[in-house]
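In the two complexes below, subunit A is the common chain; its partner is subunit B in one and subunit C in the other.
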Partner chain A sequence: MTDVATLADRRPVPREPHRHGSALRLASGRLLRLELRRSPMLLMIPVGVFLFWFDTYRSSMMLDPTWGSQTLLLRQGSALEDFAPFVAGFAAWTGARDGRRRTAEQIGVTALPRWAARLSSWAAATFWVVLAHGFCLAILYMSIDSHVTGGSAPWWPVIVDLTGLIAMSAIGFALGVMLPSRFTAPLVAIVVFMILTVTRTAPGKYAMLSPAVSPMYSLSPAKADAGVFYPYGSDLPKVQVFFWVGLAVLALGTLGVSAVCGGRLARLGAAVTAAAGVALAATAVGLVGTATVVDGRVTIAAVHDSSQDVPISYTPSCSGSAAIPVCVNPAYQDYLPSIAAGLAPLLDAVAGLPGAPVRANQVPSVTDSLPVVASVTGSPATLDLSLSVGDQGLMWISPSGPPSSVTMPCCSSRTLWSSSELIGLEIKPLVGVAVVKSMVGLSDDAQQAVSLGLLESGGVPASEFVSRDGQFPDANVQILEKVLPGTPTYEAAQRFAAMSAQARHAWLVAHLDLLRAGRLTLADLP
Partner chain B sequence: MNIEMDDLTRRFGRTQAVAGVSLQAGAGVYGLLGPNGAGKTSLLRMLATVIPPSSGTLRLLGRDPGAAAGRREIRRKIGYLPQDLGYYPGFTVVEFVEYFALLKEVPSSKVPAAVAAAVERVELGGKAKAKLRTLSGGMLRRVGIAQAIVNEPELLLFDEPTAGLDPEQRVTFRALLRDLGETSTVVVSTHLVEDVGAACSQVVLMYDGKFAYRGTPAELAARGDEHSVGDAPLERGYSAVLSGVRS
Partner chain C sequence: MPPAATSTFRTGLANSRLLRLFLLSRHVPTALALLVGCGVAMQLAIRVHWIAGTGASSQAVPILIEGAAALIVTVAARSPFGEVERAVGGRTPWLRLGATLGLATFAVVALILGAEPHGILGGNVGILRSMAGLTGVAGLSAAVFAGPLASAGPLLYLGIAEFGINAQWTSPWIWPCCPTHDRGAAITAALALVAGLLAIAVRGARETSDQ
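Take a look at the complex of A and B:
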C-alpha cells in the first residue's frame, strides 16, 4: 500500500547560509577547547606525574651527574612506562565514549564528518599527554642541567618517548572506538603494560622497535657514559620514530574508514592515510631487520650518520697524587681525587717495577658485570680503566637497596666512585689482579704467590680474595680465591709481602723474566 | 517540500519495517502514531539519515541524503532526538548543547547565542552550568530537545520527546512544538495521542510498516465517534483505525 499525505508547503524562513573557511576553523578550535576541558585524560596526569617522580626522577637523580647517566633510565624507557599504560587506557576510554554513552546515533546525524570529530576528541586527549610528559621531561632535563658535570643532553629519547606516547594514545583511542565497552580501557592498559615489560627484555632485533627498550641500544656505548666518549647514536631512534608514527597514522586513518565517517571521498582519504601508516611502520620493520648490533651500538646502514662513529675528543683530567698519573674524562673529574687516592697504595707499590704501568687512563665503559674492567696494555705499559657508571645491573639505583640478583653488596655508582675507601675495598682488588697478572702472571704457584705478595704490599691482603669466595665473576680473581691460608702458595705470598720494598724490587728485577716464563717454583722464592 | 518520499521501504533481514510509504511535507508539526513495531522509529531514523532506505525515493530539504554532499547539507539543518537519549555525564548543560552546535557546524560566532537560546527555550537557563549527571530524567530529556533545536533546524525529528516530562513541562513542550512548526517541518513519533491532539497539525498512523491513516487530529478523533475503546476522542479514533486495519 502506498499512501500520500501532503502538508501545506509553508516555505521555511530563509536562513543565513553557513560560512566555511575561517568560520569552520574557529568552530574546530572551539570544539577542541571543549574537548580539552572535558578530556578524561586530565585524570591521568596526576598519576603519571607521580609515577614519573617516584620511579624515574628520583632514581635518575641518584645516578652519576652526567647527562649520559642521569638520562639512562629515560633512555631505557622508564619514563614512557610510567605514562604509557594510563595513556592508552584513558585514550581507549575516550574513544569508547560514544558507544558507552549511547550518543553514537545522535552524533552520527550531525554535519561534521565523524572522523573530524573523533580526531578532535583524540587530539584533546593527546594534548594533555604531551603536555604532562613534556613537563616531566623538562623538569628532569632542567634539573640535570643544573648540576651536571659532563656530557651533552640527548634529544632523541625525548622524541622517541613523545612519539611513542602519541602512538599509544592513537592506538588506544582507535581500539576504544572499535570496541566501545567499559572493559576496553583496562584491557588496553594491561596489554600495553605487558608489551612494554616483555619487549624491554626480549631478545631479537624487532623488539628494539619498542620505545621501552631500544634507546639504551641506540646510544654508543650502551652504558651510562654515552655522550661522554662517543656521540649518541641516532640510527635506531629514527627507525623507532618511523614505526610509531606509522602506527599512529594507521590508527587515526582507521577511525575514518568506517561508513559512518563521511562520504566516499572522506573514507578514501582515511583509507589512504591508514595505508600510509602501514607503509611507514613496515618500512621501519624492514629497516630494523637490517640492523647490526655491536657492543650495544645499533647501526642501520640506510639511516646511519657516520659522524657519530667519531669519538668525542677531550683533554683528560689527571691527578698526581699517586706514583703514576691517574687520568679520567673531564666529565668524571669529580671522581678523580677518590679514584687516585683509592688506587694509590697499589700503584705506589708497583711503580717502577719492570712491566708496571706508568699511567692509568679511563677508557669507555664496556658491557660487563664488573664495576671496573682493568687491563694493562702497550709499552710502556698503561693501565686502562673502564669504570662502570650508573649501570643498574651492578650498581643499584634504588634507595631501598640492591635487588636480589646483585651479588656484590656495595652502593650506588655515585657513592662508590666518590669514596676512596670504597674504591680501595671494591675496586682496588680488581685493578690489582689485572696489574699483577700483566706484570707477573697467574699461571703457576710461584706466579700466584708473587702476585698475592705484591697485592698484599699494595694494600690488598690475600685474605681479601678468600673471604670473597666467588663474589667476583672474574676468572683471574677466582684463581686467587683458591689460594687458601695454610697452603705453601699462601705462605710464600706472605713471606714475599713481608719483604722490604727495596728487597722486593731487587728480587723482581733479577727474577721477573724467569718467573713470567714459568721457570721458578715456590722453592725459588725468597 | 522539506520531506519527499515515494514508495519508501526499509528491511532488516526478513523483517520489513517500512513497507512502501509516500509523503510530501512542508512546514508544520506532523504526528506519527502507531503501536509498537509499526515502523515509526525506522521511518524516523531514515528521515534522520541514520539509516538508508532499502528502496524507494527520499529527498530531504530538497537534497538527496544518499549522496555525501547532500547528506552533509541536510545534517546541518536537521534536529534529531532519538528515543534513547545518550549524554556525557561530565558535561554541563551548556557544554553538551554547545558540543552538538559545533558538530552541526553552527558558525562559531553564533554558537554562544544559539546555545543560550536553545537552553532558554527548554527552560533550563537556571541549570545551564549543572553537570548532566546531576539532572533528573525529565531535565535530561529537555537537554536532548535543546541539542536538537540548537541549529534552528528546518527538519526536526523527535522520537518520544515527552517521555519523562511532567505535565507542566509537556504543556510547555507542546507550545514549543507549535512554535517550531511555524517555520520548520517537525515530525513527532509518540504513543501519547494527547500530544498529537494538542500540538500537531497533521497526523499519520502507522501499522505494519504502512500508513494506515493520514489527516488532521480532528479527523482522526471523528473516526472514533462510534468506537467505545479509549478515554478521549483521539484515543477512540486511533483504536478505530487500528481495528479497521486489523480486520
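Take a look at the complex of A and C:
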C-alpha cells in the first residue's frame, strides 16, 4: 500500500504550457500602460511645442507661400533641433530612474526580463515624443496647405525628423541606463544640442547625415524652389533614415546585453540586435560616401530613383504685351507683375537690338548668395533668370537704402519680389550686366563704354556700380565697378546713353559685329 | 587643553565634517571633475575650430559649454534628503549658497583657463557674464521645477538665445546676443545670478517624492 501511494506521489505533475510566457506578456503590457501614464516625457511636450512654435513655425510662416519655401526651415532640421535636446535629456532621465533611486537590484530580480522592461519604458517615452512632434508637423503642414500657391508637400523631411527623434530618444535612454547619475540627463541634452550645432557648420559629405543643415556650409543646402522645377530628392533622406534607424537599433540592443537582463540566449539576441544596428549605420555612412552633389542635388547610386531627375512639367505664366515677355513658373505668378515692371526699362531699352533676348524665362535657382543669376543662351537668345525666391534672410539693399514706398521690415524675400522698385534696385543691375555682356561684351574700353551706356539707358546708372563697390560678388559687375567717373570710358558711356533710342539702335546695328570682335576703340564711339 | 579651546576645536571638527558630508552628498567632487571637463571641452572646441571667426557659429558653441557648466552647478545643488533636510537647522541655506557660489566660481575659472591662450568672442568678461546669468537661470529653474524639468528651463533659454544670435537681437534679456560692453545685459545677468542664488539658498532645489 505504501509503495502504491509513493508511486502515485512520484507521478510527474503535468505542466500547463505557455502560462509563463503569457504572464510575462501581460506584465509587459501592464508595464507599458503604467509607463505611458507616468512618463516624464509628458513634461517635455509643452517645452518642445513652445520652442517649435517660437522658432520653426513663426519663421516658416514669414516665408513665401510655396511648399518649398515654407518647409525650408523644416528641411534644414529646425523642427528636429527644437525637440532633440529635450527628447534626449528626458529619455536619459527615464533610463537612469532605477539607478538614481537605487532600486536596480530590487527590480532586477523580478520575473519580467530587464530588456523587455527597459524597452517598455523607452517605448512609452518615445510614443509621447512621436505624438507631440507629429502634432506640430501636422499643424505646420495644414497651415501651409491653407494658403500655398505652388509646389508640392515634401514627406521625407517628416520621416527623417521622426526617425531622428526616435534615435535620439533611444540613445539618451541607453546613456541614462549605463550612467545613472543626476548629471547624465542635462549633459546628454547639451551634447545633443552641441552635435547638431557643430554638424550644421561642418563641411563634407559625412556631415550630410546630420538632419541639421546650414545653407552656407552644406554641400546640399535645402532650396526654396525644391518641388517646383524638380521633384524633391529622396536619396539623402533615405540614407539618413538608415543611419538613424541603425543608431536606434544599436542603442536598444545595448539595453539588453548586461548580466541583469536575463539568460545567455536573451543577451545574445540583444548583442546581435546591437550588431545589426552598427551594420545598418555603417552601411549608411558608406552610402553617403558614394554621394555625388551637382547643383546642390545629391545622388546616391545605390538608392537613386531616376524619376526624380525628370523636371516637373508646367505652363509658364508670362507678362502680357511687353517687348520682351517675362515668364515665370506658375508657383510664383503672384510676383510676375512686379518682376515684369521692375525689369521693363532695361528690357525695353535692348528690345529689338541685334543679339537681344526675345524672352526672359525663370529657371531653377542655383544659389541663394545672389538674388538672381542671369545668363543669355540659345538662338534666338533667351534670358534665363535663376531667381532666389523664398529664401529666408535679408537681401541686398543699395547703399542709399530702400525706396520710401517700401515698408519695414525690409527686406525679406516677399518684400523684395513684391516691389518693382526694389527689383529695379537689386535685380535689374545683375540682369542688365548679363544681357550687355552677351550682346556687346566687357573685354575692352569700347565694349565697356557701350555696355554702360546701354545700361544707363535702361535705368541702371553707371554710378550704381561704383557706389556698390564689392557688394555684388559677380565678376562681370566687378569689371564695371572699376570704370570710375571722369575716366574716358565713363565719359564715352555717358555720351552713348545721351543719344536717342533710334540713333543708338542704328549705330549698334551698323557697328555691333566690329564692337564684339574688339576692333573698335573709344575714339570710334559716337 | 583648556575647556573653551577644546570646545572650539570640537566645533571646528564638527563643522568641517558637516561641510565634507554636505559636499559629498551633493556630489561636488563629481561636479568639479565635470567642470574641468567643460574647460577641456572649451579648449578642444577652439583647437578643432568649432569656435572660430566672429559670426553666429562662433558664439553658439561657447554658450552651450557655459550652459553645461551652469547645469552641473545647479544639479549639484540637489539634496538627496528632500524635505527632511529643512528640519535640521539654520546652516543649510548658507551651505547651499556657499557650495553653489563656489562651484560657479570654479566653473568660470575652468572655462577661462580652457579658452586660453586663444580666447573666444567676448573674452573672459563674456564668459563671466554668461556663466553668471545662466547659473541664475538654472538656479531659478531648479528651485521652481523638479526632476528633468529643472534642466529644461536653461535649455529653453539656450534655444531662444541661439535663435536670437542668428536673428541679431540686442535685447538685454538675452545677454548672449549682446556685446560684452552692454551694460543692460550685464545688469540682467547679475540680477539673474542673484535671484538664482537666493532661490537655491532659501528654497533649495525642488524635489518631489517620485524623483
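Quick notes on this structure:
Following the convention adopted for this analysis, the second predicted complex is superposed on the first by the 464 of 526 C-alpha atoms of A that agree within 3 Å, B and C clash if a C-alpha of one lies under 4 Å from a C-alpha of the other, contacts with A are read in each partner's own complex, and residues count from 1 in each chain.
Quick note on the criterion: contacts are C-beta pairs under 8 Å (C-beta built on N, C-alpha and C of every residue); 3 or more make two chains touch, one makes a residue touch a chain.
What you are looking at is a predicted structure, and each value in this text was computed from that prediction instead of being measured.
In the superposition on chain A, A:A185 makes contact with subunit C only, not with subunit B. Set against each other, subunit B and subunit C touch different numbers of residues in subunit A, with B touching more. By the touch criterion defined above, A:D55 reaches subunit C but does not reach subunit B.
When the two complexes are overlaid on their common chain A, residue A:F242 makes contact with neither subunit B nor subunit C. By the touch criterion defined above, A:W156 lies against neither subunit B nor subunit C after alignment on the C-alpha atoms of chain A. On subunit A, the patch touched by subunit B and the patch touched by subunit C overlap at residues 40. Taken together, the subunit A residues at the contact with subunit C in this complex read 40, 43-44, 47, 50-51, 54-55, 82, 85-86, 89-90, 93, 181-183, 185-187, 189-190, 193-194, 197-198, 200-201. Against subunit A, in their complex, subunit C makes its touches with residues 27, 30-31, 34, 50, 57, 60-61, 64-65, 67-68, 71-72, 75, 78, 147-149, 151-152, 155-156, 158-160, 162-163.
Note for the complex: subunit B touches subunit A at residues 1-2, 6-7, 19-28, 30, 45, 48-50, 67-69, 71-73, 75-78, 80-82, 84-91, 95, 98-100, 102-109, 111, 144, 147, 152, 154, 182-185, 201-202, 204, 210-211, 214-215. In the complex of the two chains, the subunit A residues touching subunit B come out as 1-13, 15, 18-19, 23-24, 26-27, 29-31, 34, 37-38, 40, 97-98, 101-113, 117, 262-266.
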